Structures are given as C-alpha cells and as structure tokens.
Amino acid sequence: MARNICVEPYMATPIEKQQIELVERKGIGHPDSIADGLAESVSRALCKEYIQKCGGVLHHNTDETQIVAGRSIPEFGGGQVIQPIYILLVGRATKEFQGTSIPADTIALKTARNYLKNTLPSLDVDCNVILDCKFGTGSSDLMHVFGRDSKVPVANDTSFGVGHAPFSELEKIVYNTERALVEDLKKKKGQKAVGEDIKVMGLRNGEDITLTICSGLVGQYVDDIGAYVNIVEEMKDYVLDLVPKYTQRNVTVDINTADDIAKESVFLTVTGTSAEMGDDGSVGRGNRSNGLITPNRPMSMEATSGKNPINHIGKIYNLLSTQIARQIATELDGIDDVYVKLLSQIGHPIDQPLIASAQISTKPGVKFDSMRKEAEGIIDEWLANTRKITEMVAKGELDTF
Amino acid sequence: MARNICVEPYMATPIEKQQIELVERKGIGHPDSIADGLAESVSRALCKEYIQKCGGVLHHNTDETQIVAGRSIPEFGGGQVIQPIYILLVGRATKEFQGTSIPADTIALKTARNYLKNTLPSLDVDCNVILDCKFGTGSSDLMHVFGRDSKVPVANDTSFGVGHAPFSELEKIVYNTERALVEDLKKKKGQKAVGEDIKVMGLRNGEDITLTICSGLVGQYVDDIGAYVNIVEEMKDYVLDLVPKYTQRNVTVDINTADDIAKESVFLTVTGTSAEMGDDGSVGRGNRSNGLITPNRPMSMEATSGKNPINHIGKIYNLLSTQIARQIATELDGIDDVYVKLLSQIGHPIDQPLIASAQISTKPGVKFDSMRKEAEGIIDEWLANTRKITEMVAKGELDTF
Amino acid sequence: MARNICVEPYMATPIEKQQIELVERKGIGHPDSIADGLAESVSRALCKEYIQKCGGVLHHNTDETQIVAGRSIPEFGGGQVIQPIYILLVGRATKEFQGTSIPADTIALKTARNYLKNTLPSLDVDCNVILDCKFGTGSSDLMHVFGRDSKVPVANDTSFGVGHAPFSELEKIVYNTERALVEDLKKKKGQKAVGEDIKVMGLRNGEDITLTICSGLVGQYVDDIGAYVNIVEEMKDYVLDLVPKYTQRNVTVDINTADDIAKESVFLTVTGTSAEMGDDGSVGRGNRSNGLITPNRPMSMEATSGKNPINHIGKIYNLLSTQIARQIATELDGIDDVYVKLLSQIGHPIDQPLIASAQISTKPGVKFDSMRKEAEGIIDEWLANTRKITEMVAKGELDTF
Amino acid sequence: MARNICVEPYMATPIEKQQIELVERKGIGHPDSIADGLAESVSRALCKEYIQKCGGVLHHNTDETQIVAGRSIPEFGGGQVIQPIYILLVGRATKEFQGTSIPADTIALKTARNYLKNTLPSLDVDCNVILDCKFGTGSSDLMHVFGRDSKVPVANDTSFGVGHAPFSELEKIVYNTERALVEDLKKKKGQKAVGEDIKVMGLRNGEDITLTICSGLVGQYVDDIGAYVNIVEEMKDYVLDLVPKYTQRNVTVDINTADDIAKESVFLTVTGTSAEMGDDGSVGRGNRSNGLITPNRPMSMEATSGKNPINHIGKIYNLLSTQIARQIATELDGIDDVYVKLLSQIGHPIDQPLIASAQISTKPGVKFDSMRKEAEGIIDEWLANTRKITEMVAKGELDTF
C-alpha cells in the first residue's frame, strides 16, 4: 500500500535570518532530565531482559517517573542533604510471560541506582535518595519478536512526532555548551566543582547571542567565595573559548545571574543537582528527543523517554522524524531548514501513518521540485524500516532527551 | 527602564496556506487534562485562601499532580471500576505565615473532590478514586500583596513563554469540537453516553480536513452494541453539523477507529475517562495554555497549570504572550499570524524580560512598518501590568489547558 | 483422631484477691482501635462479597492497616484539621477467581469511608482524611466453601490464641466505662462534646480502684474553658454513677490529668480522635479480642482484626479460646478463673491443635476432678465446630478489639 | 516524695510446675523482628546524632516502621527476588533545634541500610529492598540534657510496663535455640544455609518439651533436596545437642513441619527471610522486650523498639520492670517467680509511677515478709535512676526484642 507522504516547499524566514531565536537545554542533572534518563535507562534494561528471556520486547512503559525534591544545606567545602530526594519509578511492565517471571521492579531498582551513580557522582545514592518503585502490570499480548515475526505493530494511539534539521548555530552552541562543561571541563580537565544540573538558555537577537547559564556548583570542591568566583570565571572563559567553533556572532555569557557575591548568596549544591533543594522533575517536561527545547521550531509534546520502542507512537515517530529530517538535510543540497511531521491513527500499522509531512525551506536560487522525489524516497524507506528505530533504541544508540 | 522589545516582520507561508497542518486537543476528561485541571483548581483555591487570610497570594506550586490509572470492567448498561484511579496531589505550599496556619492539604482535598465531581459526573469519587495529597512546605518569604506592595516580583527562573494569534480554522474546529460535544451535546442536549475523555486530532491536507476523534462512551448509558453504533453516528453527525461554522473545507470525521463492531470490541468506559483503565496522566504534558497542541506553531514546554501566578514565569509568560498576541491580532489590520515570545532571566523583575519578541506575518500588500510601533505599545502596556495576569488567574478568568 | 486436650487445676491467687490489678481499654476512636476497626470491617465486607460472588470466603488479610496522624488546631467552638490523617489500607486480597473479578480495593474504600463516618461523626471524611489503599494479590487456592466442602482447613502458621473468663470487676468497669460514655452519654443522652478517643486505665490496689481516663473533647461542642470544666465534671459524675453496677469497692475517677485549666491548656480535638494530632495507629497494637489489655492475665500478641477467618490461626484461636473460656466459666460452678490456650502447628488441620490447654482456678472447697471431663467436652465440641467461628466472624457477631 | 510501691506475695503454681507452658521467639530475620530492629537502630542513631549536635536526646519516635512483603522465586542453588520488599521507616523526629538542622531521614536511610546488610547477609539491599522514609516533625520542646538538666521528664502517656524473672527452662531454651542457630551454627560453624528468619515455638506438656521450628533455608547454599534434608537434620541434631544445657526434660524438635519432601515442596528462601514472599511485618507485634512471647506470664502490648528513651513510658517502663525483676530474682533467695508492673499517669514525673507493683512467688518454706523490704529498696533505687535506662538504651546496651 502506498504511504501518505507529502513533501511541500516552505517559504519562511530561515531560522538564521530571523531576528530573535530562543533555544534551551536542560543538562543531564536537571530534575526533568534525571527523570527522563531514569525512565529511558530502565526501559532499556527491561528491553534487554525481555529479549534475553522471551525472545522479544514485551509491553512496558516507564515514562511516569517522578522526582520529588529534597532539602539540603550546601556549604563551601561540604554541606549535607537534610531531606533525601524521593524518586518514584512508576509505569507498567510485563512481569510474567508464558510461565516466565520477569523481575521488573528488581531490574528497575538496580538500573536506576547505577544510572544515578554514573550520572551524579557527588550524589550519595545510599542516603541522599529514596528510590521507590511501583510498576503495575501491563497486558502481555503485545509481544513483537525481532527477526521472526514479520508483522508490523499497530499504533497504540493517535499521535504525532516532529523533527527538524539541521541544527542552527544557536542550537549547536546551546547543546554543546552543556555537553562540554560536563564531559570535558569536569570529567577530562578535572574541574570537579562543575555540577551536572546546568541549564543553558540561548537567545540570539540578530548577530548577538546571550547564553544564560544556571549551574549549581558542588560545595565540597569549592573552598570559599573566592574560589567560587574563580570557578565561575573559569567556566565563562571555557564557554567563550568553545563557541567560536560554532559561530562568528558576538557571544555574551551570563552565569548564575541571581548570585549576590557580596552577601555570599550563590548557587551552591551538595550533590550537583537542584533536585536536592526544591526542584521537582518529571519525564517529558524537559528537552525534546533532539536534546533541545526550540520554540522557533515545531515541537511535539509527547514524552519520548521510557516508552516502549515497539508500538508507542509518541516515542517512535519523534525519533523517526528527527532521523528523516537529518538524512534529508544531509543528502539534499541547498536546504535551509527541513521540518518533518508523522501522524498515526490508533489501530493502524505504524508504517502507514495518516500523514508523513516534510516542509522544506530551500536556499535562494535552489529549485524545490527536484528535491521532492528524493525526500519522498528517504521518508518511504525509513517507514519501511520502523523496526530499525526499535533496534537502535534497545541498543541505546538513540538519545531521547 | 526601557524594555527589550523586538517586533520583526516574519516572512513565512501563512498557516492557512501550508499544505499540512496538525492540531490536537485533549478533552477535559483526558488523564493529562484531569491532572492539569486538578492542579489549577487547587492553586486557585489556595490563592483564594491566601488572599483571604493573609492579604496576598503566598508561594505555592501544585503542578506535579499525577494520575495513576486504575482498572475497570466496562459493560453495556453498567460495568465497574476494579482498581481505583490513584491521584496524587503533590507540590509545595506555604502552610504557615506570620503565625497563621493555612490548611493547604485540607483545602486541596476538598477542592479536588469537587473538581472531579463536577468534571466527571459518572465517576464515583468515593470509591473509584484514591485521592492522596503530599504538599511539602515552600518558603514563606514570597508574598506579594495586591494593592499595597507596589514592587514587581522577580522571575523565579530563566524561562520563556510563547503565544500566537489568531486561531486557524483547524484550531477553531478542534477546540470547539471537544467543547461542544461535552457542553452542548452531552449537557444541554442530554446525550449522557458521551464521555469526557475526548481526544480530537485534526489533520488538514490542503483543502481536506480529517478529524480523528477518540472518545470512550459511558457504559451505563449505552444499552448494547446497536445503541453504541447509533450514538457514535449521532456524535459524527453532530460534529459534521458543527464544523461549517468554522470552515468551507471538506471535513471527514473518524470516531474510535480502533473499534471492531462485529466482535463488539468497542471503546466503552465506566466513568467517562480512560484513566480508569491503563492511561496515566501528568500536569503539563497535554494542551498548552491556549487549549491546543499545535506543532505548526511555536510552543513552550512549560506546564502552566498549578503554578503560582505571582512569580512563576513559566505560567505568567505563557498566559501573557497569548494575551499579547491576541490583542495585536485583533487591533492591527492585515495580519496573518502573530507569534509572541517572552524570555525571563532569573532574579530580574518579571516586567523586564531579557527579550519580548513579536514576529508578525502580514497579509500581501500590507505594510509592516506602521505596525511596529502599535505592537510595541501593546507589549509594553501588558508588561507594565503583569499583575493583571495574576489577578485574572486568581479569579479563574484564564484557562490554562 | 483424639484431640490433644489438657485441663489442669491452677493454684493461683484469684484475680480478685491479688493486691494489684491493671486493666486498660482503648476506645473505638483511639488510633489503634480505628486501625483495628477498619481492618475488620474491610475484611467482613470482603467476606460478604466473596461469599456472594464465589460461594465461599477467599484468601485475604487486611491486618496491616496503618494510621498516620495529621495535625490540627482545636479550638473552643470549632477548630480545624490542618494536615489530614493519612490512612493506608494494606494487606492482601484475592482479586480474581475462576474468571470472576472482585473489586477488592473499591470495596475497601467504600467500606472504610462508611466505617469512619459511623464511628467518628465529627470527622469530615471528605477532607480531614486521606484514604489510601494498596492491596497486593494473595493466592487464590485458599477457598473454603461453606456447606459444601467438608474438609477442615489447615493452619497457616504455628501460633497460639488465649482467652480467659469471667471478667473481673475491674475488667467489667473499664470495658463498660468506655462503652457507656460513647453509646449512652454521647449518643443517647446527647452530650456531643464527648470524643470517641477515650482511653480508660484501671488500677485496683486492694479495695481501691483508680480509673485514669484520657478523652479529647470535641471543640465545636465546647464553648469555652468553663464549659470544658463542666463537661469533664459531668463525665466524671456519669462514671461514678455507673460503677456501682459492677463493684462495691472505692472508685476514684481522674479525667485528663495533664490538663492545666488555669492556662486553658486542655485536651481538645476537632474530630474526636487524637489521630488528628500526632498519634499514629496500627492494627493489633491495642485491645485484645476481648476488648481489653490485661497484664494480670495471659495474652496473645497476635492481631485478630483484619485476618481471614478461614485459616488464619492467629485470629481463629484467639476468638475460639475466649468462647471456650466463657462457656466453661458459665456452665461449670465454683470457678474463679479459667485460662484457655490453643496452639497450632503449621500445616495441620485447625481442629487438631498441638495442644488445647485449660487452666482452672477453683473456689475454695470446690473439687477440680469433677470439672475436668466437662471442660474437656466443651473444648472438644468447639474444636469440632471451628467453622462456627468463621461464620460468626463473617456475620459480624464477634468483636475483635 | 515517697513512691507508690507495692510488693505482694503471689500464691500461684510456679511456672515450672504448671502442666502446660507456651513460649515463642521470632528470630531476627522474622518480618516483625526486622521492623523492630530497624526502628530501634534508627532511634539509636538519632539519639547519637542528637547528643553530638545538641547535647541531649531530642523528641523522636520511629516505632511505626512497616515491612510490606515482596515476592520471590527461591530455588536450590539460587533463586531471585521478583518483587522487592518495601520497607517504610515512619514516625516523627526533631529535624531542627535552635538553628541546627538534623538530617533525620538521611541518617535513618543510612542506618537502615547498614542494619539490613549486617542482619541479613543474603539480602541484596540494592535491589531486593525498597527503602522508603517519611518522618514527620515532632515538637522540639522535649529536650532532656544529660548531666546538666536534673529534672525528671514527665510521662508522655498513661501506660504500663511489665517484666518477670527468672527465665523458665523453656524460656531459656526457646531464646537460646534461635540465638545459637544464627550466631553459632551459621556464623561460627559456617553453615550458611541457615536463614535468619527462625521462629521457635516451645510447648512444655509436663516433662515433655516440643520445639516447633520454622526456618527458611537460603537457596544458594542448598544444592538440592538431598542437601536440604541433610541440613535440616543437622539443625535438628544441633538443637538436640544444645538443650541439655538448660533442661533434663525430654525434648522433641520438629523443623519445617509443612514440608513435603517427596514433592520437593520445602521452605526455601532467596534472602533468608520470609519477608521476601508474602509475610509483612510491623514494630511491636513480635517479641516483647525480653526477646520472648510468653502467654503464661504477664505481658504488655506496648511496642518497645523505636520509641524515644527519654519520656516514652511504654519503652522505659517495659525495660525498667524487666531490670527490676531480674535484680530481685538474682539478689533475693528462695524465689520461684517475680512479676513487676509499673504504671504511669500522663503528665506526672516518670520516677513517680501511679503504682510500682511486684508480685513474688516464693519457694516452699521461704518466708515472704523478709523479702518485701529488700524488693522495695531495689524498686525504689531503679526509679530514682530512670536516667540509667535512657543511657543504656542510647548506648545500645539493652535489647528491645
């Protein structure tokens, strides 16, 4: 059956030409991102267990993970968590299949502990966190066996996913600023005071970019207010050194704008995340599956993390539309922006969307007509291979936040 | 201090001219909307209590409300809830202020019960629901007294809100279809079988509109499969009669596409909401504050419902940008689309955004330049009166989902 | 098979001749008693549902019900609950049996609400209480069908029950003081200020009895400190009028000994129970199944309330031993005290205890030998009819606390 | 002020002469004992922290700890926990005192984890257990400073404690059987298959003693059914070798009487405790503070574990009465049994009980009169030094279960 694919030219001020552009990224230690990360890592661990024990992924959704903030008393040189962070892993999982028991809750606890240890090295998982787990049982009739069963799953919902490509300069900067601060400045260069809860808000006003960065330092690695000021300065310089890779525009960096240095009222944490003090988190309320929040671009509200990668259309179509957009932007010349939207109808096979739409904004002088067919081909091929997304998710090859 | 206001012309295919448009609305009985509605109604009740007892709204956020689905056995002519829906009201609230105790949890329970009774008349709140409540205490230093304290609150976060106007045809149709089915067909015309959990997904492909409606009927008002088929047909006819008010395009209506009438496998509920059987819900994962999900339009990820309307920028700026966009679209002639974005910086007064951006897409032949000043004036005036948003929220004059 | 029954003479100072005797009763509004009452009423409701739907009682235990205290601000003429009481109904219940679903949690919620309304009339169940419910599923192989299946269930545990008779004077006084204050003074005579949370501690020192009564009055029915003093006086007089029915000894009554009238620091409540302010409660930590706590008598630690009445030996043997003791004390002449103990061994039929022991303390001059046979007969007959206890429990004919 | 002390002779068949005697002990791995142990260890850790930070023990009660059973699939050579055990640490603790924060929940989590690791070596605390913690805040006005403040605390309740001495033969056997199986056979002699959840029920019928022992072996240390039979036999022989230390009577030992060896249906566990599979636990429902349940002796219903040792009379008087009884039994010659009861009145100093009663049953020919004064002296001295009990508890010198 032919697929409903619609590729249209899109006349719009290209993103780089728009006067105002906003881009946000919540770092991996932001409470919403912790929720996303836990939900997705638990889902992956379940996928692995299901495949190993039952030969295919069974029904599950772990996307309601909730972080309830604790209370802490951060201090230069130390500090302590007074009230532990409460983390509730909640959702549904198949716990029995054809006589085989799957210890879903046990796996979830183990996976979540490891995820927290690896992601938040200053968090003492033994006593700064209460890790609770309440998985209901899902229906067991939703098995899809890789390699054997050739039937395409049907959509579990009427829902859509969206994706775009390529990243704008500001999108690249915002994404990579957070990544580099944690992975390079902290882990490789050894500046342990950098916390994992880094929020980067990028504003481009014409040729001027302002990065507003909010980042709680880790008290035990900051001796006093002087050290604090120095480290913040170091982070600022680091970012200013980094951005020329991505832009020639003027960049201003503001870090922790609410600090009052004179009063020593600054943004310090015990554990590196503001979940320790007042900030709750939920799955699906932070970054979209491309790692960003981009109000200048189409977005989907669907949470991607923690949903099963077999038939949960909110997950599959978001990941898929981003992959499609990226391939179109890479393989076709003369494109400013591509926007892809995929819409399912509940009960219909996921490879037959109600509509697969691509809007392409071309560079001046580039002819659109020649592109249509190529773009349609790319879309059609991805839809013919939705299973590939499932496999990439189960293998952990696709980020979800 | 002059405000950072930027009004720019936006060259883009106007929404009505784009080939593909997607619009979604989750009805008031959808689990995500129930979460939004509870969060917002509890926040309103707290506002009222705070104003009455303390002369001003105190710090609170009730935006982490969580719905964990129950299990049910729906049947023609009745059915029963086997496992109650679990609802957790969670967040933070000031419980003591200058010696006065505020019974936040008690108020929340009472308000939530009433909200559920009014919103879901087929739900037996006494035994189909477990209503739990765990409010932490917030800081009490965040009071803002209307009429006395003239100081503008500072933003609690670096965050943005977005809004657009006017609604497209499809946006009007999707929004009003759900509203009319519940408020008119059910309440006024007495078709009690219509459940409150109505999801409307609108797709416009050029001149053809497809409305995919998912709506669980209430079993006790549906005698048998024949009655079911008739009621679904009645709903379809009702919608087809309704849409010409908003469009001249061709409209197709699909209701409960996953039904298998021959096998009597249809979408029936006991209570009118799918929260009774497997569908969880969270605040901020459904409709944006304008009541819709619109991937062809800029959107914010911020949850609006349940946040305090004094300094929670994620709430105020979303509501404010929508108000601004609507006023610009109404008062200025020759506009196709207006997009407004407001960005705060933590610690700065909320009337002084880091940027207030309006992108205006004009009709052919309309000159932009004359508009700039008027638009700037509207933005400036709203920013000078952010308190108005707070008051409208406290009075319940603004919808949030 | 002959039963292991051992009836022995017991030489002991009879209870009425011992110098010091202690007896305690926690009233029906005491947090531990609320937990007991909820657990037992839910169990009864489940028994009824199981019998109706499945023809026999299925496996369940609701005996882990937990009351977490709230916080309140009691006042003369009113007061309010600031933090609701949290009640968790927890245990195990069969939710599916041979294709039939039993809505255990739904029934539990409904039953618990009704129990609270009837027991604590000043408690606003809608907003002074959070009623949570988390029943796990038990094994479904434990069905015992009345009237059809003649097999005796086997004990689920190695455990014992104990009972004694007759009640001493002090036991009668303590038990009936609480009962009369609630059922007669409050309900019949209309003194609504009497709360349901009445703890009566009886001390007999030779011929002098001291009743220490702790009883939180209900604020809305007490106008001021003067009224409070009068009502406490009224309660005291009421009790002093009551006790001559049971004793000729000297009786002193102390009510709310921690009150400081001058400072108006007195024992007032909003709801009639101290669960509103700081006092938690659990099943099985209060009264034994005879309604009393009696350190001068043998007691069992087993919780009786909320356990299934089919094979839960901790419940059945406690109720059974009390019935046996009472029948022996009633039917045999010349007895001071009878103590009955029944010990099971896990896996053995409940009508075949490892030992059924009766210790009989006779009045001076009474010959024990003639009693042995009669007592053995009474014990043997009850053991041959353990089903009778099950039926009495299911019908609600036996108190458990 | 003279104390109300009453020492009376008690004419009763001495325990060793009674025909039937029952004694029970729940081992340290029994769910009720785990709850007791966690509650008490957390209370001790808080005492330590309070003393260190505030110079005295502050108000707290951790005695509502609850164990909700998990589910497991035990197997010879291994097995796994399918559903983790849920442990809720709940109660009240002072979290702030004169500007100092006390991280009560953090301490509780850490202490509980360590306690579980040390007590149940086969339990994987990281993924077989969900450790939750919800401490409310208590009043901070209840501080008692050792060494400085000479005022005696007042009783928090009208309540009593009871104790007896010496242990009968059966009491010694039951207590030491469990202790030796865990501490000697398992830990010293290396028989790791012995689980920690050992319930010993002792019945003495005249000169014949039957010990019914229920003990789940640890699957990973039991290769197959043959090994199981051998280990149970080894345990039986071990106990039979042990008991002659305490008695010359005939002793029969029954272990795991519900086993069906032919069907390989035996009592196996993954973790050593039946909390992994269906058995819930609560504080105060198991052993009394002397480590036993003794229906032939006076008992108190009060939970001892987890209560604060400053003014919680239910704890202090139970521990105190046992100490008094033991000293009387040790120091005075010619005593069969001593029973001590202490009764408080709320609001009165704990060194001034409403009654302190001792009942002494003397050996034939021994004169009671000479004993009275000595016994009174012992009681009076202990009451003059109630602080000693507090100190012993804080130092961990007194067992509570």
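Which chain is which? They are A, B, C and D, in the order written, and residues in each are numbered from 1.
Assume contacts are C-beta pairs under 8 Å (C-beta built on N, C-alpha and C of every residue); 3 or more make two chains touch, one makes a residue touch a chain.
Bear in mind that the values here come from a model prediction, so they are computed numbers and not experimental data.
Q: I need the common contact partners of subunit C and subunit D, sorted by label.
A: For subunit C paired with subunit D, there are no chains in contact with each.
Q: Hey, which chain ends up farthest from subunit B, C-alpha centres compared?
A: D
Q: Would you mind pulling out the distance in Å between where the CA atoms of subunit A average out and where those of subunit D do?
A: 51
Q: Between subunit A and subunit C, what is the separation of their C-alpha centroids in Å?
A: The computed centroid separation for subunit A versus subunit C comes out at 56 Å.
Q: How many Å are there between the centre of subunit A and the centre of subunit B, using C-alpha atoms for each centre?
A: For subunit A versus subunit B, the centre distance works out to 24 Å.
Q: For subunit C, which residues are shared contacts with two or more other chains?
A: Within subunit C, no residue touches at least two other chains.
Q: Just say which it is for the chain contacts: an open line, a closed ring, a star, complete, or other.
A: Here the contact pattern is a ring, one closed loop where every chain has two partners.
Q: So which chains end up touching which?
A: Taking the chains two at a time, the touching pairs are A-B, A-D, B-C, C-D.
Q: Inside the complex, what are the residues of subunit A that reach subunit B?
A: Touch list, subunit A to subunit B: 6, 8, 10-13, 18-20, 22, 24, 64, 66, 68-69, 90-92, 134, 136, 138, 158-160, 162, 199, 201, 203, 205, 210, 212, 214, 254, 257-258, 278, 280, 282-286, 288, 293, 295-301, 303, 341, 343, 345-348, 354-355, 357, 359.
Q: Under the touch definition given earlier, write down the residues of subunit C that touch subunit B in their complex.
A: These residues of subunit C touch subunit B: 73, 80-84, 95, 101, 103, 105-107, 109-110, 113, 126-128, 130-133.
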